[in-house]
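The two complexes that follow have subunit A in common; it is paired with subunit B in the first and with subunit C in the second.
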Partner chain A sequence: MWMSELPPFVPFFLAALLALATRGVVRQLILLSAPILGGLHLWFDVTPGTLFNLTILEFQLTLMRADKLSLLFGYLFHIASLIAVVFALHVRDTTQQIAGMVYAGSALGAVFAGDLITLFIFWELLAVSSVFLIWARRTERSLRAGQRYLLIQVTSGMLLLAGALVHYQKTGSMAFDFIGLEGVAGWLIFIAFGIKCAFPFLHTWLTDAYPESTPTGTVFLSAFTTKVAVYALARGYPGTELLVYIGAAMTCFPIFYAVIENDLRRVLAYSMINQIGFMVCGVGIGTALALNGAVAHAFNDVIFKGLLFMTMGAVLYRTGNINGSDLGGLYKTMPKTAVLCIVGASSISAFPLFSGFVSKSMVMTAMIEEGYNYLWLMLLFASAGVFHHAGIKIPYFAFFGHDSGIRTKEAPNNMLIAMTIAAVLCLFIGMQPQYLYALLPWQVDYWPYDVTHVLAQLQLLFFSALAFVWLNKQGLYPPELHSVNLDMEWFYRKLLPNTALAIRSGLSSSANLLSRVATGGVTLWREKIINLSFIRHHLAASWPTGSMVLWIGVLLAVYLVLDEFLTKT
Partner chain B sequence: MIDQHVSLLLVVIPLLAAPFVAVLPGRHLAWLATQIITAICFALAIYQLLQVLQGGIISYELGGWAPPWGIEYRIDAANALLAVIIAGIAAITAPYSLASVQREIPQHQHSLFYASFLLCITGLLGISLTGDIFNLFVFLEISSLSSYALISMGKQRQALTAAYQYLIMGTIGATFFLIGVGLLYAQTGTLNMADLAARLPEVIQLRTVHTAFGFILVGVALKLALFPLHLWLPNAYTFAPSVVTIFLAATATKVAVYVMLRLNLTIFSSDFVLKTPANEIFLTLGIIGIIVASATAIIQKDAKRLLAYSSVAQIGYMIIGLGFASIAGLTATLVHIFNHAIMKAALFMAIGAIFYRIGSSRLDDLTGLGRQMPWTFGALIIGGLSLIGVPGTAGFISKWYLVIAALEQDNWLATIAILGGSLLAVIYVWKLVEVLYFKVATSERQDVREAPLLLLVPTWVIALSNIYFGFDTTWTVGVAQTAIKMLGMS
Partner chain C sequence: MADDKEKQYLFDKPRNVTRLMRGFYAICVILFILGIVPDSIIHRHISHSWENLPGFYAIYGFVACVLLVLIAKEMRKVLMRKEDYYDVDE
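Coming up: the complex of A and B.
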C-alpha cells in the first residue's frame, strides 16, 4: 500500500493536522482512517527487520525499527486507538481529538524507536500531548492534577535524556537495545522508565490524574503511556531480577487502596498498576515464556482495561457521576453496558475462556518454573484481589448493589460499538489464544487450558467471590464513602505545603519572640528577612541602586581574593 | 567595492542614518527609514557571514591605518553570526514597531525613538565587529546610552526610574571595563585585541594583569546581567516599551556574553583564564543563577517581568557553557545565544501584542485572553516550548549541547541545574498558559480582539523560526563549531 518503511506515527500526525483543518463528518472520517489505514499498512506491508533511518544533528535516528516485539505493540496500539476513536466519536472537542491522535502517534513512535534520542522525543511528546486529555475535563481539579502529571512526566523525560547522554558517553552508541542496570546511565534510564511504568512510590501521577480526565480521555490514557513503558522495560531490561520484586509489590499494594476507593475510575487506575505489576514481573523473570507472558498480558490488558474504562466512561457520561456510593441499579437502564462491563471484569479477573487468563497464567507458570515460590503466592493473592476490586466491585457498585434510583439512557451507539469490539476481542483471545501466541516475539510452546490451571484459577475465583459475598452480608466490607484517599502523593500534596507552613509560622513566631526582646531595628529586620518567603521579598523585589552596586564590589572582591589565594599552577 | 566595506557599512549606515531619522517629520517616514536601514543591515550581515564561512577571517583597516595603530575590524564566524542575530532581530522588530510604537509612545517622540533605536543597533553591531578593545568600549557606551533613552520612553512612570537605575549600573559597569582596559594598556601599550593577545603572555604573571582581567570581567558581567548583577534587568525589561524589550532581550545581553567569550578566548588565552578563578565563578554563579532566577520567575505577577527573570536564568545557561571552557561548552554558549534570541523575541512579541490590545502585562489583567487572541497565544506556546527545551524546537538544541558539555566533564551539578531549570521553566511557562487560557476573561475584557497582522506576522515569523532551527542546525551548530575552531580552541 505505502512504502513499508513509513514510520507508523506518520499517519496519526497527519490525521491530527488534517483534523485541525476540517470539521464534522470529514474530521471523524479522518480520525477513523488513521488507525485503520495505519493498522492495515502495518499488518500487510511491514515485516520484521524493516528499518528507517534519518540523520539529524550528527546522529542517526532510527525512526522505524520493526521486529516482532515492536510489531506486536504496534498492532495493539492501532487496535486500541481505533477503539478509543470510535468510543469518542460523539465528542466535538477539537482539543481532545487532536491530543488523542498526537498521543496515539507518539506511543507508536516510541515503540518503533530504534535509538534513545527518538525514544526520548516521543517520550516527551507522550507527556505533552496526553496532558491535554486531562485538562480537557476543564475543571479546577483536572487542571491541578494535569499540572502535577505533566511535571512528573517531564521529569521522567529529563532523566531519560540524561541517562541516554551518559549512555552515549560510555558506549558511543545511541542504539536502544539491552541496557541493563549497570552504571549511572542504566539507573537513570531505569528510573525514567519506572516513572512511566508506575513503579511503587513513582505511581502517584497515574491514580492522581487518570480519573480526572474526560470519560473518553481516560480510555486513550489507559492504553498508551504505561504500555510504552512496559515495552521499554522489555526491550532494555529483560531479566533484571529487581523487576520481579518491584512487579510483585505493584501487584499487591494497589489492592488495599482499590478496595477503599470510592471513585470507580480511580479503582480502575489502581487495578491498572496491579496488572502492570504482572507484566513487570514477567519482564524481570526474563525467560522466553515470562517475556511472552508479559507482552501478551500487556496486549490483553489494554483491551480489557480499556473496556472497563469505557463502561465507566459511559456511566459517567450518562449519569455525570462515578462514585460507587452514588451509583447502583444501573443495569435496569444500561443493560448492554452492564453486560459488556461484566465481560471486561471477567477478563481482568482471568476467568478461563476470557483473555486475561491466557496471558496471566504464562507469567505465573514462568514464575514457578524459575523458583520464585513466595512471590508466586503474592501474585496469587493479587489475582484474588483483582477479582475482588475490579471483577466484582466495579460491576456490582455501578450496575447492581443498592438501587440508587438513577434512571438514565443506554450508552450512545458509538460507545456501544467500541465496547463491543473490545469485548469480542476479549472473548476471542480467551477462546482462541493460538492467534495471539503466534504473534508473540519469542518461540514458546505453551497452552493454558490444562486441568491444573483451569481448576486452580476457578477455585481461587470462587473463594474470592465467596469472601466478597460473606463480607458484604456481614457488613464488614469497606462501605463506599465520599472521601479523597491520598496515598504517596500525600507527600507532596499535604506534607510539603504543611511543612512549609509550619516552618513559616515557626519562624515568624520565633521572630515575634525576638522582636519583643529586641528593639525596633530588629523588628525591621524581621519584617525584611523572615516574614513571608525569602524569594518574594528579596529576590523578586526591586532593589535600591545602592545594594546593586554593593554586589559589584562583592563580586570583584571575590574574584581578587580567589585569584590571590588560590592561584593555580 | 562594496565587498570590502561590508563590515564598515554595517556600523556606519545606521550611525549616519540616526541623525536624519531624528529630524524626519511625521511618524511614518521615520519608521520607513528604520525599516529600510535594518533590512539593508540584515542583508549585509548575512552576506558577511557567508563571506567569512567561505574565505575565513576578514580584517578591515579603518581609514587605511594598519593595525595595531589604527582601528581594526576583525570578523570571524563568531561575530559574523552575532551580527546576523542583531541585524536580524532588528529587521524583524522594525515592522512590529509601527503599530506597537504608535500605541505606546507619544507621537512627538517617534522620530527620537527610531533614532535611538538605530543608534542602539549601531552600538551593538560595533561591539560585535570591532577588533579594538577601546573601540569596543566606545560602542558599548553608544549602545548603553541609547538603550537608557529607549527604556525611559516606557508608558508607565516607573520606566524613568528603571532607566535611571540601569544608567547608574551600566555606567559603573562600563567604568570597571575601562579601568581594566587602562591597566592592560599600561602593561602592554596596545589596544588592538590581536596585538594584546600577542603581548600579554610576556606579562601574564603580573598581578596587574590579573586585576585588569577581574575589572573587565565584573564590568562585562554586569552588562550581561550575570546573577547577582542582574538586578537592573527585570525593571528595565518590564517598564520599557514592548519593542525595546523585544530588541534588548534578544540582543543586548547576548552581545555582552559574546564580549566575555572574546575576552576569554582571543584577548586572554584560555590557558590564562584557567589560572584565574573565572571559570569557577562562571560555573557557580551560572548554576545558582539558573535555579534562583527560574524560581523567582515563577512567583512573578507580571508577564514581562516573569520573562525577564527567565532571561536571567537563560544567561546562566550561556555562562555555564563558557565556564566549561571546552569546545562543546563554548559551542553550546554560541548556539544558545542564537536560540535564546529567537525564543525570547517570540515570547516578548506575543506579550507585546497583548499589551498592544489591553495596555497592561500584569497577569491579573491577562486572564482568558488566550482564547480571544488565539494566534498570539499560539506563538507564545511555541516560544514557551522552545524555552522549556522540548524536542523539535530551537531550545532543545541548546540544551542538548549544554548537557553533552556538562557530562563530558562529569559535572553532575551543572547537569542537574540545566535539566532542573527546564522543569522550573515548565512551571513558569505553564503559569502564563494557565492565566491566558484556563482562566475566564474579566467582563470588561470580553471584547478584546486578536492583535493586528502587523504584529502577528513578525511574531509568527520568529515563532516558526524556533521550530525551523529545532530541525535545521547547520546555521546554528554548524556556524558555532566553525566559530570555535576559528577562535583557536583545541
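Coming up: the complex of A and C.
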C-alpha cells in the first residue's frame, strides 16, 4: 500500500491536520480512516526489522524501529484508537477529535521510537495532546485536574530528557534499548517511566485526572499513556527485580480505594493501576513467559478496560451521573450496555474463556516458577480483589442493585458498535488465545487451559463473589457515599497549598511586625517633633498678610545686596 | 420486554432473584467439592505446597474479599472527606 518505512504516527497526524480543514461526515471518515488504513499498512506491509532514520543536523533520529515488541503495541494502538473513534463518532467537538488523533499518533510514535530523543518528543506530545481531552469537559474541576496532570506529565518528560542526556554522555549512544538501573541515567529514566506507569506514590495524576475527562475522552486516555510506559519498561528494564515488588504493591493498594470509591470511573482508574501492577511484575520477573504475559496483559487490558470505560461513559452520557450512590437499576433501560459491561467485567476478572484469563495466568505462573511465593499470594489476593471491585461492584451498582428510578435510553448506536467490537475481541482472545500468543515477542510454549488452572481460578472467583453476597446480606458492605478519599494527591492538593498559604500569611504578618518595629522609632520621633511647642504654636500658626509682605521685602533686599556684592568681585 | 411503562423487569420478580442466587450457591458447592476430591480422580499438577490444602483457592478467595472489604471500611474512617473537600480553598 505505502512504503513500508512509513512511521505509523504519520497517518494519525495527517488525519488530525485534515480534520482541522473539514467537518461533518468528511471529518468522521478521515478520523475513521487513520486507524483502519494505518492498521492495515502495519499488518501487511511492515515486517520486523524495518527501520526509518532521519538525520537532522548530523544527528540521527530513528523514527521507526519495528520489531515484534513494538509491532504488538502498534497493532494494539490501532485497534484501540479505532474503537475509541467509533465510540466518539457522535461527538461534535473539534478539540477532542484533533486531540484524540494527535494523542493516538504520539503513542504510536513513542512505541516505534528507536532512540531516546524521538521517545522524548513523543513522550511530551502524549502529555500535551491528552490534556486537551481532560480540559474538553470544560468544567472548573477538569481545568484544574488537567493542570495538575500536565505538570506531572511534563515533569516525567523532563526527567526522561535529563536521563537521556546523561546516558548519551556515558555511553555515547542515544539508542533506546536495555537501560537498566545503572547510574544516574538509569534511575532518571526509570522514574520518568514510573510516573507515566503510575507507580505507587506517583500514581495520583491518573486517578485524579482520568475521571474528570469527557465520557469519550477517558476511553482514549485509558488506552495509551500507561501502556506506552509499560512498553518502555519492557524495552528498557526487563528483569529489574525492583519492578516485581513495585508491581505487587500496585496490584494490592488500589483495590482498597476501589472498594470505597463512589465515582465509578475513578473505581476503574484504581483498577487500572491494579492491572498495570500485573504487567510491571511480569516485566520485573523478566523471563520469556513473564514478559510475554506482561505485554499480552497490556494488550488485553487496553481492550477490556476500554470496554468498561466505554460502558461507564455511556452511562455518564445518558444519565449525566457516574456516582455509584446515585445509580442502579439501569439494566432496565440500558440492557445492551449492561451485558457488554458484564463481558468487560468478566474479562478483567480473568474468568476462563475471557481475555484477562489467558494473559494474567502467564504472569502468575511465571511468578511461582521463579519462586516469589509470598508475592504470588499478594497477586492472588489482588486477583480476588479485582473481581470484587471491578467485576462485581461496577456492573452491580450501575446496572443492578438498588433501583435508582432513573429511566433513560439505551446508548447511541455508535457507542454500542464500539463496545461490541471490544466485547467480541475479549471473547475471541479468551477462547482462541493462540492468535494473540503468535504475536508475542518471545518464544514460549504456553497454554492456559487445563483442569487445575481453570478449576482454581473458578473457585477463587466464585468464592470472592460469595463473599460479596454474604457481606451484602449481613449489611457489612460499605454503602456508596458521596465523598472523596484521601490519596497521595492530598500532599499537593491540600498540604502544599495550605503550607504555602500559611507561609504567606506568616510572612505577611512578620512583615507587618518588621515594618512596625522599623517605623516605630521614626513615628515616635515624628510625634515628638510635631508636639514641640515651637512647631505646634509658631510654625503652625496662621500669619498675617502684612508680615509676609515684610519678609518678601527682606528677601528682596538680601538678594539685592548679594547681587551687588557678587558683581563687584 | 415489550410492554410499556408499568412493565416488570427481570429482577423485579423476587422469584427470579431467588433462582439466580440458588444457581449461584449450587455452583459454589460444586466447585468446592471439585476442589477437595482426591488427586486420583482429578489430577492436578501443583506448583506450590499451599495448593495441597483442601479448598485452598475457595477459602483464600472468600477470606481475601472479606478482609479487603473490612479493611477498606476501616480506611474510610481515616481517609473519607466530604465531596467538596478539595474545592473549598483550592
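The rule we apply is simple: the second predicted complex is superposed on the first by the 500 of 569 C-alpha atoms of A that agree within 3 Å, B and C clash if a C-alpha of one lies under 4 Å from a C-alpha of the other, contacts with A are read in each partner's own complex, and residues count from 1 in each chain.
As a working rule, contacts are C-beta pairs under 8 Å (C-beta built on N, C-alpha and C of every residue); 3 or more make two chains touch, one makes a residue touch a chain.
The structure presented is a predicted model; accordingly, all values stated were derived computationally and were not measured.
**Student:** Check the residue A:560 against both partner chains and state whether it touches subunit B (first), subunit C (second), both, or neither.
**Tutor:** first
**Student:** More residues of subunit A are touched by which partner: subunit B or subunit C?
**Tutor:** Looking at subunit A, the partner in contact with more of its residues is C.
**Student:** Identify the partner contact of A:144: answer first if only subunit B is touched, second if only subunit C is, both if each is, neither if none is.
**Tutor:** Second partner only.
**Student:** For A:455, is the partner it touches subunit B (first), subunit C (second), both, or none of the two (neither)?
**Tutor:** A:455 sits against subunit C, while subunit B stays out of touch.
**Student:** Please indicate which partner A:120 is in contact with in the superposed arrangement: first for subunit B, second for subunit C, both, or neither.
**Tutor:** first
**Student:** If you stack the two complexes on chain A, which partner ends up touching A:181: first (subunit B), second (subunit C), both, or neither?
**Tutor:** Touch status of A:181: no partner.
**Student:** Looking at the overlay, what does A:439 touch: subunit B (first), subunit C (second), both, or neither?
**Tutor:** neither
**Student:** Counting only touches as set out at the top, which of subunit B and subunit C does A:259 meet: first, second, both, neither?
**Tutor:** second
**Student:** Given the touch rule stated above, what does A:400 touch, subunit B (first), subunit C (second), both, or neither?
**Tutor:** It touches subunit C, and subunit B stays clear.
**Student:** Under the stated contact criterion, what part of subunit A meets subunit B in this complex?
**Tutor:** Per the stated touch rule, the residues are 56-57, 120-121, 124-125, 128, 135, 138, 143, 147, 150-151, 154-155, 158, 161-162, 165-166, 169, 533, 535-536, 539-540, 542-543, 545, 547-549, 551-552, 555-556, 558-560, 562-563, 566-569.
**Student:** Provide the residue numbers of subunit C that touch subunit A in the complex, in ascending order.
**Tutor:** 1, 9-11, 21, 24, 27-28, 31-32, 34-35, 42-48, 50-51, 55, 57-66, 68-73, 75-76, 78-83, 85-87, 89-90
**Student:** Provide the residue numbers of subunit B that touch subunit A in the complex, in ascending order.
**Tutor:** Those residues of subunit B that touch subunit A are 165, 168-169, 172-173, 176, 210-211, 214-215, 217-218, 221-222, 228-229, 231-232, 234-235, 274-278, 280-281, 292, 295-296, 299-300, 309, 385, 388, 390-392, 397, 400, 403-404, 407-408, 415, 419, 422-423, 426-427, 430, 434, 438, 471, 473, 477.
**Student:** Contact residues on subunit A for subunit C in the complex?
**Tutor:** That would be residues 141, 144, 255-257, 259-260, 331-332, 335, 365, 368-369, 373, 376-377, 380-381, 384-385, 388, 400, 450-452, 455-471, 476-478, 481-487, 493-494, 497-498, 501 of subunit A.
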